[in-house]
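What follows are several structures.
Each of the next two complexes has subunit A plus one other chain: subunit B in the first, subunit C in the second.
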Partner chain A sequence: MRKAASVVLLVALLAGALSAAPAFAAVEAPALITSAGQSPGALMVRVLADQAGVANTYDTLATADALAGAKSLIVVIGASQKGLGAAGIDVNQEYTRVESLLAQAKAQGIPVIAMHVEGAPRRGATSDDLSRLVMRYAQYVIVRADGNEDGFFTQLAQQYGATLRLIDKTADAAAALRDLYGN
Partner chain B sequence: MAKRNTIALIALGVMVLCMAVGASAMPALHDVRPGYGVTAIGWLSDYHPPLKGTPGDTRVYYLDSGKPGATVYVQGGTHGNEPAGIIAATILVERAIPTAGRLIVVPYGNNANIDYNDQYRLDVPPYFTIEVEGGVPRTFRYGSRRTNPAYEAQPDPEVYVTLDGGVHDGAEIRNLNRVHPGKPDGTLTEQIAYAINRLLIEEKVDVAIDLHEAGVGDRLENVLVAHQRAFMAGVYAVLNLSAQGLHFTLEPSRPEFRGLSHREWGDHTPALAFLTETGNPGQTSEYENPDIVNDPKNPLHERVGRQLALIRAVLDATAQLGLPPMTYEGVPTYADLVRDGLGPWLNAPTAQP
Partner chain C sequence: MKLRRPLHSFAASLVVALLLSVSALAAQVETGLSVKSQLGVVAAAHPLAAQAGAEILAKGGNAVDAAIAVSYALAVVEPYASSLGGEGYMVISLADGTDVAIDFRSRAPLHVNVHTPGEIGTHQYGIYTTMVPGLVKGTELALKKYGTMTLAEVLEPAIRLAEEGFAVHETYASVAGDAYSTLIQYPYAASIWLDNGLIPEVGTIIRNPDMARALRLIAEHGSDVFYKGEIAEAIERATNGWIDRASLAAYQAYERPVVRGTYRGYEVIGAPPIVSGLRVQETLNILEHFDLKSYGSVTAPEVVHIVSEALKLSGADWNAYSWDPNYYRIPVEALLSKQYAAERAKLIDLNRAQAFEAGDPFTYSAEVGWMLYDTNESASTTHFSVLDKDGNAVAVTQTISSFWGSRIAVEPYGFLMSDHFKQFPKFDPADPFRPDYAAPLKSTKTNLSPTIIKKDGKVRLIAGSPGGVRIPATTVQFIVSMIDFEMTLEEAVLAPKFYPDNDLSLDLEGGFPEETIAALKALGHKVTTRPPLQRVFGALNVVWVDEDGNMWGHGSVRRQGGAAAPLAIEEPAAVY
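Let's turn to the complex of A and B:
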């Protein structure tokens, strides 16, 4: 039983390494890290980006002018009523802000990395709406696997031609960022 | 006629008084077997003497390393039907050996709900047992969310309004986690909250953690709520837990929702305040005859393991962010509890520490 499990694990690891490694071209820092939905995921990604040695500016309410000087845009998706309430904004305002930020990134040719790192508990109608928006612009996607059990991000990544990397743990996003930024 | 009414009223008044004070002279005592880490045992009433001799009094365990460090408060049993926090707190009392700072543990935060059956779940017995070494069963009570109404002098109001203007259903006046920071002359439940608030202030508590459970699949399952001042520590803690393979969802304390521990402890005391929840089959409406100890998907030992891992991760996080350390040895890790179950980690009648 244990042996079989190890073999499966090994195969999975190999497959993961083979598929993930060449797919991720290096993206350049500094990154602008922002939130789409104001959940704590953005702050977690900032901590992990620091750990990964990815130079960044962090602004959960960043607007288009915050892109000046940025060479990549990381949008961390996750809707939190508490977070939106604390920021004093509603979902529509958040959607509009994120959309104009993404449009500006596209206009400037800045690559977009979509991240969803808080798993299944951070799925839901509002989060999914924001995900559909961000995925329209994203070239790279990093998602905690339990938030993709229905294949939601897999399907969107295929639709928009983005490179998807699934991680098992939120903390694994540090390694994913390290790979992506070639650190 | 008027006279008879007066006499009836006086009799009723005496009855209510007896219910409030007399009928319940002593607090419930529990099977807690302190280990060598415990340096003192007190009562919650030490911080609010009117609680003495009421069902709202409860044991306070002090584990002082004698070395400098942070003072940490861990509370189980805010809600008597959420056993993982009660057992996690009990394990700290029985097994933790502090090596820096000081740990204060209250396993039964609201001791006045532990003997109450609110009929919310008729299919969960009011006791559960855990077999410890030698096959000896240890028995723990399974109570209710709210204080036993027999212990309150007044019936529930129509609506309960907290000190800060929060509006709740009237019965919530008996929910300890809606009445923080309490009132010195309030209901029994409000006085319990007040005494806890005094404890946090008088003991100069740096970090306070309130242990809860929610239904399996509930949006609160495996959530860590952090007060604004504690939020960065919450981020570090959740990432640390994630690296161990334990998913927790972080949420900030809601400013508009008053009376909750993470909110009011953080606002009214210097402590960094946290609240956590694990998934209890006994609070899951879809389950029939749930087994709160041996449920195959969410066994008690796994939930206790999550809670103990979370406490450790919060203390690592606060130390990482510059607070003095509070460390201890002897407490099982999540992996220890998944491997061994609870039995070997609770003191047996004849156990040598």
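Let's turn to the complex of A and C:
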């Protein structure tokens, strides 16, 4: 009886481990890193990806062609009027570009990682609109916790079945990426 | 003028207390967004810098001593706007009646000529944007002539801040975020002012032991170590010879006569060309011809319209006639004359917005003037104000041009070089005599407007702001708010600001009534609106003295500034 109970417990633990493990060790590099909103967050994620040893290409204005050779797509959400202005585009053009890129990734079976690493200061109507778009396609989500105090990303992750990982500081995203890519 | 303690001063004091937690106080001072004192007061773009000045006042230093402490402290805690590699303009008004300006503007290196900007190509940042810095020489000149303490004494707070560190606040994080994509391309700068390659989060501690080393060298050896010694060698290396040792050794700061005028019975003391005290005074002279107070509010459309038109008139003259006084004679007397202002005031039409051309001030002077000039629009630069218990006053506006300047940090001394050189235009053979072409040791034109206002011989107001081309507009609006509308210091700082340009555009900060906006549009102004309290409209760090002699300091709410005052003045040690 005790032996049977141990086996059940072991199976349960294994099942639990297996159900969690694929969530964060299942993505392959190289990653295409792009922005959704042109804030500095995308560049910070590139720095963090380099620190995490995740091979990547970085293109804040990537279009579907840039997915060639990529095995994963990281979309860093954060709307910046200054960034959009510097890029010479408006919010509608940005939304269209990102949506097209995400649709192509889905068509090619490329997993999408949504990241929001600039916290509460980078929330707002435009950022949230872009978040809703990206979350429709994302399998994995990495969010700085102070940007999720209202549960916005938790709710979207549940709605779309994405695996959410909250981090305390932007720098912690390096460890999250390391886990995600199995480095 | 009414005075009251701001409602939000308690909350601001709490924030300041948190900010101060890293750095122990060496002297007892009070710090907040707004402070009141009878022992002297300092207002600056960072509470820790204001505190550094108050600490010097508490130790018995005068306003000049304190101002230099603030200048260097800002280089540590506001590195995006101040640096040993930067420059500025200082206006000093001493209680003994001495009024003087210190010109420590940056200057072009010796090897350049009018063709250099065209030969090096266009550079937004980097080596070819750097200039020979003036801050170290200028502050030394002011201290030796008008201060009472040694360099080592006034640099001590800055050295402590650089070694112990300070906490990043929202403004720092925001400004670093704006410049992140370029700052990260300069590894030494990024290693000091970013956080392991990332935009520092609020609360991150920034330490700069390299700058502390530079400050200790300057404290020990004076400016020679910076312009002729090992720091000069490091500057030459960091700029790949662009700022060479010969140019550094040739640098001079200058004492210059102040620009002097009046406004509604107050005496106005400002900085002379190549900066903008002249423009502030001409604007005020024009405004004297209008009863602004009769319109009821500083946000009334008539007031915004008249002040806008006056600023455009003075701006046209400033563009045409104000150049580097080391190279050109400027018709200062004419542009300051009340008669000329009266003629200019007649051009203002109360029923429509206009564009204006430069006037003809030469009826009032025989000096020579020149041509048109464009400048950039940046919220960078910084201003601070100091008043000591004896009534000595100092107004300083200092800058590294853009936020984070050239991005070139001088290794291993932890300071940034400014990026003023890019303001020199490329030579145009069709226009060979422009006064703003590059030349050895020449300065670019800027809008710095440090201003001291007195009444009956006593200092009443110390004003100034960063904000690029918006500096004179913000400074004039503040003066009008205080003198015409008798606002409290807090109200005048918080009042929404505006910036008019000669293409009839009128940029309004949030806070103007809808009726005002509609009326201004009806007058023909091309109105744009922004949210309230925007950094681009400057950052007033100001001092006011009320009728009872109480000294009030107020830090900018647009850039998380602060004010500080000594709680007591240390008695000098007895000498036997």
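Here, the second predicted complex is superposed on the first by the 159 of 183 C-alpha atoms of A that agree within 3 Å, B and C clash if a C-alpha of one lies under 4 Å from a C-alpha of the other, contacts with A are read in each partner's own complex, and residues count from 1 in each chain.
FYI, a contact is a pair of C-beta atoms (placed from the backbone, for glycine too) under 8 Å apart; a residue touches a chain by one contact, two chains touch by 3 or more.
Given the structure is predicted, the values throughout are model-derived calculations rather than measurements.
Clashing of subunit B with subunit C is the outcome of superposition onto subunit A. Applying the stated contact rule after C-alpha superposition, one finds that A:E99 touches neither subunit B nor subunit C.
In the superposition on chain A, A:G119 makes contact with both subunit B and subunit C. In the superposed model, A:K82 makes contact with both subunit B and subunit C. Touch criterion met: A:V47 reaches subunit B and subunit C at once.
Of the two partner chains, neither subunit B nor subunit C is touched by A:D129. By the touch criterion defined above, A:D59 lies against neither subunit B nor subunit C after alignment on the C-alpha atoms of chain A.
In the superposed model, more residues of subunit A are touched by B than by the other of subunit B and subunit C.
In the superposition on chain A, A:K169 makes contact with both subunit B and subunit C.
Of 130-138, 292-300, 436-444 or 508-516, the subunit C stretch that intrudes into subunit B once chain A is superposed is 130-138 (criterion: clashing C-alpha atoms). Under the contact criterion defined above, the residues of subunit A that touch both subunit B in one complex and subunit C in the other are 40, 43-44, 47-48, 82, 118-119, 121, 169-171. Within the complex, the subunit A residues that touch subunit B are 40, 43-44, 47-48, 80, 82-83, 85-86, 118-119, 121-122, 146, 168-172. Remark: subunit B residues 219, 221-223, 231-232, 234-236, 238-240, 242-243, 245, 247, 249-252, 254-256 touch subunit A in the complex. Interface of subunit C with subunit A (complex): residues 170, 173-174, 177-178, 180-181, 184, 195-199, 201.
For subunit A in complex with subunit C, the touching residues are 39-40, 43-44, 47-48, 51, 82, 118-119, 121, 169-171.
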